[in-house]
Amino acid sequence: MSTIPWQERPANISDVVWRYNENPIIQRDAIPSSNSIFNSAVVPFKDGYAGVFRCDNKAVQMNIFAGFSKDGINWEINHEPITFGAGNTQMIESDYKYDPRVTFIEDRYWITWCNGYHGPTIGIGYTFDFKEFFQCENAFLPFNRNGVLFPEKINGKYAMLSRPSDNGHTPFGDIYLSYSPDMKYWGEHRCVMKASPFEDSAWQCTKIGAGSVPILTDEGWLMFYHGVINTCNGFRYSLGASILDKDNPNNVKYRTQPYLLSPQTTYECVGDVPNVIFPCATLHSLEEDKVAIYYGAADTVTALAFGHISEILKFTKENSL
Amino acid sequence: MSTIPWQERPANISDVVWRYNENPIIQRDAIPSSNSIFNSAVVPFKDGYAGVFRCDNKAVQMNIFAGFSKDGINWEINHEPITFGAGNTQMIESDYKYDPRVTFIEDRYWITWCNGYHGPTIGIGYTFDFKEFFQCENAFLPFNRNGVLFPEKINGKYAMLSRPSDNGHTPFGDIYLSYSPDMKYWGEHRCVMKASPFEDSAWQCTKIGAGSVPILTDEGWLMFYHGVINTCNGFRYSLGASILDKDNPNNVKYRTQPYLLSPQTTYECVGDVPNVIFPCATLHSLEEDKVAIYYGAADTVTALAFGHISEILKFTKENSL
Amino acid sequence: MSTIPWQERPANISDVVWRYNENPIIQRDAIPSSNSIFNSAVVPFKDGYAGVFRCDNKAVQMNIFAGFSKDGINWEINHEPITFGAGNTQMIESDYKYDPRVTFIEDRYWITWCNGYHGPTIGIGYTFDFKEFFQCENAFLPFNRNGVLFPEKINGKYAMLSRPSDNGHTPFGDIYLSYSPDMKYWGEHRCVMKASPFEDSAWQCTKIGAGSVPILTDEGWLMFYHGVINTCNGFRYSLGASILDKDNPNNVKYRTQPYLLSPQTTYECVGDVPNVIFPCATLHSLEEDKVAIYYGAADTVTALAFGHISEILKFTKENSL
Amino acid sequence: MSTIPWQERPANISDVVWRYNENPIIQRDAIPSSNSIFNSAVVPFKDGYAGVFRCDNKAVQMNIFAGFSKDGINWEINHEPITFGAGNTQMIESDYKYDPRVTFIEDRYWITWCNGYHGPTIGIGYTFDFKEFFQCENAFLPFNRNGVLFPEKINGKYAMLSRPSDNGHTPFGDIYLSYSPDMKYWGEHRCVMKASPFEDSAWQCTKIGAGSVPILTDEGWLMFYHGVINTCNGFRYSLGASILDKDNPNNVKYRTQPYLLSPQTTYECVGDVPNVIFPCATLHSLEEDKVAIYYGAADTVTALAFGHISEILKFTKENSL
Amino acid sequence: MSTIPWQERPANISDVVWRYNENPIIQRDAIPSSNSIFNSAVVPFKDGYAGVFRCDNKAVQMNIFAGFSKDGINWEINHEPITFGAGNTQMIESDYKYDPRVTFIEDRYWITWCNGYHGPTIGIGYTFDFKEFFQCENAFLPFNRNGVLFPEKINGKYAMLSRPSDNGHTPFGDIYLSYSPDMKYWGEHRCVMKASPFEDSAWQCTKIGAGSVPILTDEGWLMFYHGVINTCNGFRYSLGASILDKDNPNNVKYRTQPYLLSPQTTYECVGDVPNVIFPCATLHSLEEDKVAIYYGAADTVTALAFGHISEILKFTKENSL
Amino acid sequence: MSTIPWQERPANISDVVWRYNENPIIQRDAIPSSNSIFNSAVVPFKDGYAGVFRCDNKAVQMNIFAGFSKDGINWEINHEPITFGAGNTQMIESDYKYDPRVTFIEDRYWITWCNGYHGPTIGIGYTFDFKEFFQCENAFLPFNRNGVLFPEKINGKYAMLSRPSDNGHTPFGDIYLSYSPDMKYWGEHRCVMKASPFEDSAWQCTKIGAGSVPILTDEGWLMFYHGVINTCNGFRYSLGASILDKDNPNNVKYRTQPYLLSPQTTYECVGDVPNVIFPCATLHSLEEDKVAIYYGAADTVTALAFGHISEILKFTKENSL
């Protein structure tokens, strides 16, 4: 029996990542107020799982909600959004919250999200119990999106991936890494991964952004990310994997030239924003060599895909950009 | 038995507006020449209903056609577009006609539409019998769209909502109200409703436009409208409701912060222009507390939704922007 | 002696329009608060002249000011902007006012300007004495600029030229004519003159706008206008002339293919907006066969040019587009 | 029995072109490496058919692959892309290859495609046997797409249709014809067909491009092409037909005002680029009065449509723009 | 005698800021390699002044150079750009350097500039002697410009104004304030001043950016800044003043609605980028009530303006936005 | 005495290229109809010089005119544009003509220009006597500009530089080389020189285009070209030099990283298009080691600069990008 959500690879599929056959696992109207539930994050919690979910309401206001699950597949999401108390600051202004990620570091669960403060930037918060939540200083100046924390300190400092943006549907985007001694002040910003040349890997030629919290493996940090191509009919978002150096994650060791998953099913191709696969979290077991990837589909629903970590690492090394 | 097209709310739905379960009611090829039939208007006529339909032909030329129905659901649409004689002017130039609305005032049925005269503006015409039609002076200079008449004079003057535009896929748009003593000269232009701030109600943050002819209720004029959000993959059009002051409809009393209907079905999400719900007309009975909303779906077909007027008024008041 | 401001054509110039040799006649700082004074209008008044001047202040807020002159060249401009009482409406909202034109019709001086009401549109006002001013309903919905009244009624109705625009630095623009029985309601909108094909007359290929109040001549209405070309370094505005049919000014009889004046002097080429000649008014004497054209230069100062009306008419007919 | 792939017109369809009922004939994953297979070309070859297929791999790199079929419907496509030896030049640089067309002239099969050489331009190659391939000089400077050869020399010279472009998602595009004495140097460029005015035929108002190799008929050269409309949600590509003068194909004799086929099925409306029908080839028999049109659908799969040549010619003449 | 560069206000000028009559003080070719010298910073140093100058060379590469002056007007600028050793980091990558500011804090001179690191961001360096220079970590992620340090710690932390940007000719821009305990890690980002509404103060309606190092006065921090308006012929940059709260400079107490100086002279209106006044530094004496403002003119030369601090404070308070 | 126009380098200038002190040599109104005369070409002819001049008329229609000079400085330009007879084709359609270049090859003077044929492309013509002119086939498909012929055949073929463009104010542009056996058919297109990275040489980072006919020197072909930077206030055009391999001019041996001349004088910075230096021709004497460079200034007038060829070659080699 699996310690994480799991489904074996279907016989007719040879890809290293495959979809759950009952996708989407969370429908757009899973809570009464929601227009859509997608781009959400989960972690092991107690004897099951907890999560932070992006639920846009029917006014299409963006906010994040806590949720719980026994099996990682069937979720109970709170009907009211998370409210935050003051963490390391009184300044907890927030015009909107979206695209959360969650990771446990040391003694608590840290949440990062795209926080509306005169434009999008990276909000930070924490909880010990998914009941009470505290909001910290924004990590960066606007405009920024896709802030993803490493699950442990690197050389004694917190480390966060992010993607500097502009104030609209940004047509560019590279992944940077920043460090903090205290989750309040950030610096040592490094450019880590850039969008690829069109000729080399077009699915990730317009912009890329960190997806899931990196997983420490023998090969380094395994990090799933999204890549975007700008077609004549808009952006298409696909899933890739990268391996960052264990000790110095500023260095990308490998990165998939092919995508691992691109929008091909109806729930990925039809919805509020067609043709979007947007990974925000994984559950994984190194012992069982399994990873379950949670991703938003078409900016409307939440879906699940699976893979063997060893296979993904091997594939990434052998098909590196 | 209902005096308007009607279907009770399904048991599993709690929304105040719900879709007809045999949507779309008019297919794209309902007449031999048509590429698509959508964004169309209906009115009670004799012992049934008449309508003016936007049928784009297979050259994708836009024109309006008369049609008739006993039940408001099954329609016979003429195979030839409406031809107009001269109404209050000889100048009945028209490069194209689209997005008609119809209302009866005093002694005749007035039709407004987007009329091609060196760009889009508001065309006006009338008929007594849906056989013979007369075209009047354009209401405004280009560029304008979504001209919707009130069904009776306001303080002795005709009143028309419209949305000033530019000459392309306009990325802005607010609703104005203008008055005329004679359906020929227009003035007293007032800004009535603006697109909302992104943070407050994103589905209507790019532009809004009047939809159906306002319905006079105890609360004021109930007017359905469309709101647009500009996603990274294009515009998405949803349905909202507003209540304008009875005596001075320049004043918006209430307006839905949540949408009433957004594109979620296949016929709304897939078609010539994906993700479009575009209301142009209602049939309603205040006595029976019912309204049937006609809307174009995906710029391809015509669909129908229902609601109880009292519920919609209540919802609009309780969820006002 | 001349009844209007006048200077003979210099010996070395053969053009039909020539500049005043002491241009600019009004400097940018002619009143204490002003950043710039340009695009302004003058009329004969009492034993001299009155004018309505666009004076942007040093916050670059746009407003219009009354001014007076004995000779049409040396002007005393009020230090406070015009304040308006209610004319034919209580709705005299105005976020800004710019680019005025003035003409006398029947019993009063009518002023039109670009009025800020949720974007630019055409404001209308009147005065009997240039001391007390009254504001009427805006002529049109936004977005519109360059509203210019005919100096007498046409077939019993007021007639106004205008240029429908968008809400920014509009990259298109044609001249329309609209009619009103009462200066309150407007209709019978006709497209009169369009920007020219690039190959035929590039200086007016991007947009055109009415300039001065038309002058009734034996050939028809002589109307000076501006034409714009979009260069790789921005818009360049030049001066042209048109002759509209006397009885039906919807018809353009002639229109200069060459410009009459293009930005060539330092005060036209260097300033807040380089390379702008923008005519807003004339003083003229048909008896003396003279016209003095007032124009804004580089959106900074006000300048003057002269011509013989008969020569301009002849030139326009012989060099018509 | 038919000598080309064929399926009779369904009873419920009256259109002159109809779809194969088992579309798409080639799935996106028909070869292991492919993300999508579309916009591809076929020709009679030996006792069956050969083809050149655009297969984008999972890195979304574009390349062309040879394939073979007995019946024109079931295809075996090579798993490795075509490699080219030097034809009439040593310069066979190519950053990418896409949208191939194929035709037999005199002694060999000529292939044209969009070739990446500092941007898209027209690559030319040939083969005698679909095993060994030779690449020639690019026909034109960048930026160009949709190069289509006539199947025989015109007045002693090779003739190629193409569509000059820019370096992105070009928002304009007309069809030109160029000539070459030797497949190396090209000249005598003529503009043949332009995008249509919006009012006349909106489906082809943004840009048009040659599709299939022209077929010589009694009426002239029958050439299928694609037309594009720019909607608020992106480009929509449809299919039209044109008839070019036999002796001087610079002259367009007729051209369909209505489209023959527009995106209406799921496989045409949902995919990597929604709403695309893109014809690249035909198989045809003048004797049997049949044509089978191969087209890419949604930039994802390959589909097939049929028609009687005489009916298409008649329709084109009777419904000409 | 003045302790700073000074020239009395000319008799004919009543403005609170006036130009030096021998402007520009530094010509574009003041050093052999330079194309232009502008947007530069000066400080008192020893018995005279030192400065850091933006000198673009004739390849139009941007770099910063040290310079020295006895009187603040006549400058000797080094012919070689500043080279930096490692300060608090080994990462001293820099594709280009421009728009420096300088201030003395505690024991050294701190320099900030726009530093090219995968796009523009804020570089930080220091020197004790203007001979040896050390580069620190960039303050922020790209994209950012106009980083200006406060001349002393605020509540124990370094404080820096900056303007988040995008990667091109950014059409938006507000001023933020960030804090650092150590000049390495930054946080507590606050939005301080935004571009103004067009109607209120158009010269600063497109974007604003911090200019000179704030001066501590009795009224608070006096900070000169630039404001930009987007005209139809490009951006125009003018000079304004703001007063920030002494203890909490996140709060803007006053800010000039009128500009203090706009491009009006030839050297401000004609040059590599016309119509630019860009302040980067002041020299001042509170005792003598004088300030000398150094500004780049037309992105080509360096100019000087003067004012009495008390008058500027009074003007700012009385003419606040 | 010099065999070409010449003026020694002023004592105070150390640059390798310097301006003529009586610039501009041709005023905008040098012929009665002209708005501007610029971007023009000259060659030795008989005992003096002939030229082909771009004279835009006062309708701003672009055309080319023949002119003659004894000294290369004082020019008599015909008052009527060149009319062409049929050269190697009957197709001599031309919507406009601009930016000519001229060179003598074998037995005649060849002229190339930007020719309006459904957009800009490269027109070709020839003359034996500058009285009678013949037009040939356009070299390329639109969109193209800046076609410049080599003054002798390369490996038996005519060779032409050009810059593929789009149909507007193209924001990109590289220099290509194409070959023709017969001045009718062109091929063997090679990319020769690209716009530079911003960091390396910003004055030529947006686009570059061939300027003058290449001069064969011991170092290779010396070719002056223009480079463009896109500032926030539009394009700025400067002058650079390149040295192409003698036998294979596809190869660039050297190319100036610094510009040789940038817009700095009033006649280069102020005019119809500010900040433009656009070289189109040289006169030169290898024996005397002199070159006179003719360039358009501000798209308004024609100017002249001088240099010693050996110094320019040396400078280009020592300051190569």
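Letters A, B, C, D, E and F name the chains as they come in the text, with residue numbers starting at 1 for each one.
As a convention for this text, a contact is a pair of C-beta atoms (placed from the backbone, for glycine too) under 8 Å apart; a residue touches a chain by one contact, two chains touch by 3 or more.
As the structure is a computational prediction, the values presented were derived from the model and not from experiment.
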item	value
Subunit D and subunit C - chains in contact with each	B, F
Set of chains whose contacts include both subunit C and subunit B	none
Greatest separation from subunit B - chain, by CA centre	F
Maximum centroid distance from subunit E, chain identifier (CA atoms)	D
Pair from E-F, A-E or B-C with over half of its contact pairs in common with A-D	E-F
Classification of the subunit E:subunit F interface as same or different, half of numbers criterion	different
Pair joined by the larger number of C-beta contacts - A-E, C-E	A-E
Intercentroid distance (Cα basis), subunit B paired with subunit A, Å	41
Separation of subunit D from subunit E, taking each centre as the mean of its C-alpha atoms, in whole Å	58
Subunit A: positions in contact with at least two other chains	233-234, 270, 274-275
Inter-chain touch pairs (all)	A-B, A-D, A-E, B-C, B-D, C-E, C-F, D-F, E-F
Subunit E - residues contacting subunit F, complex	28, 32, 35, 56-62, 95-96, 116, 169, 233-235, 270-275, 299
List of subunit D residues in touch with subunit F within their complex	89, 91, 117-119, 121, 137-144, 162, 164, 166-167, 172, 174, 176, 178-182, 184-191, 194
Touching residues on subunit D, where the partner in the complex is subunit B	14, 199-203, 229-234, 236, 257-259, 262-264, 266, 269-270, 274-275, 319, 321
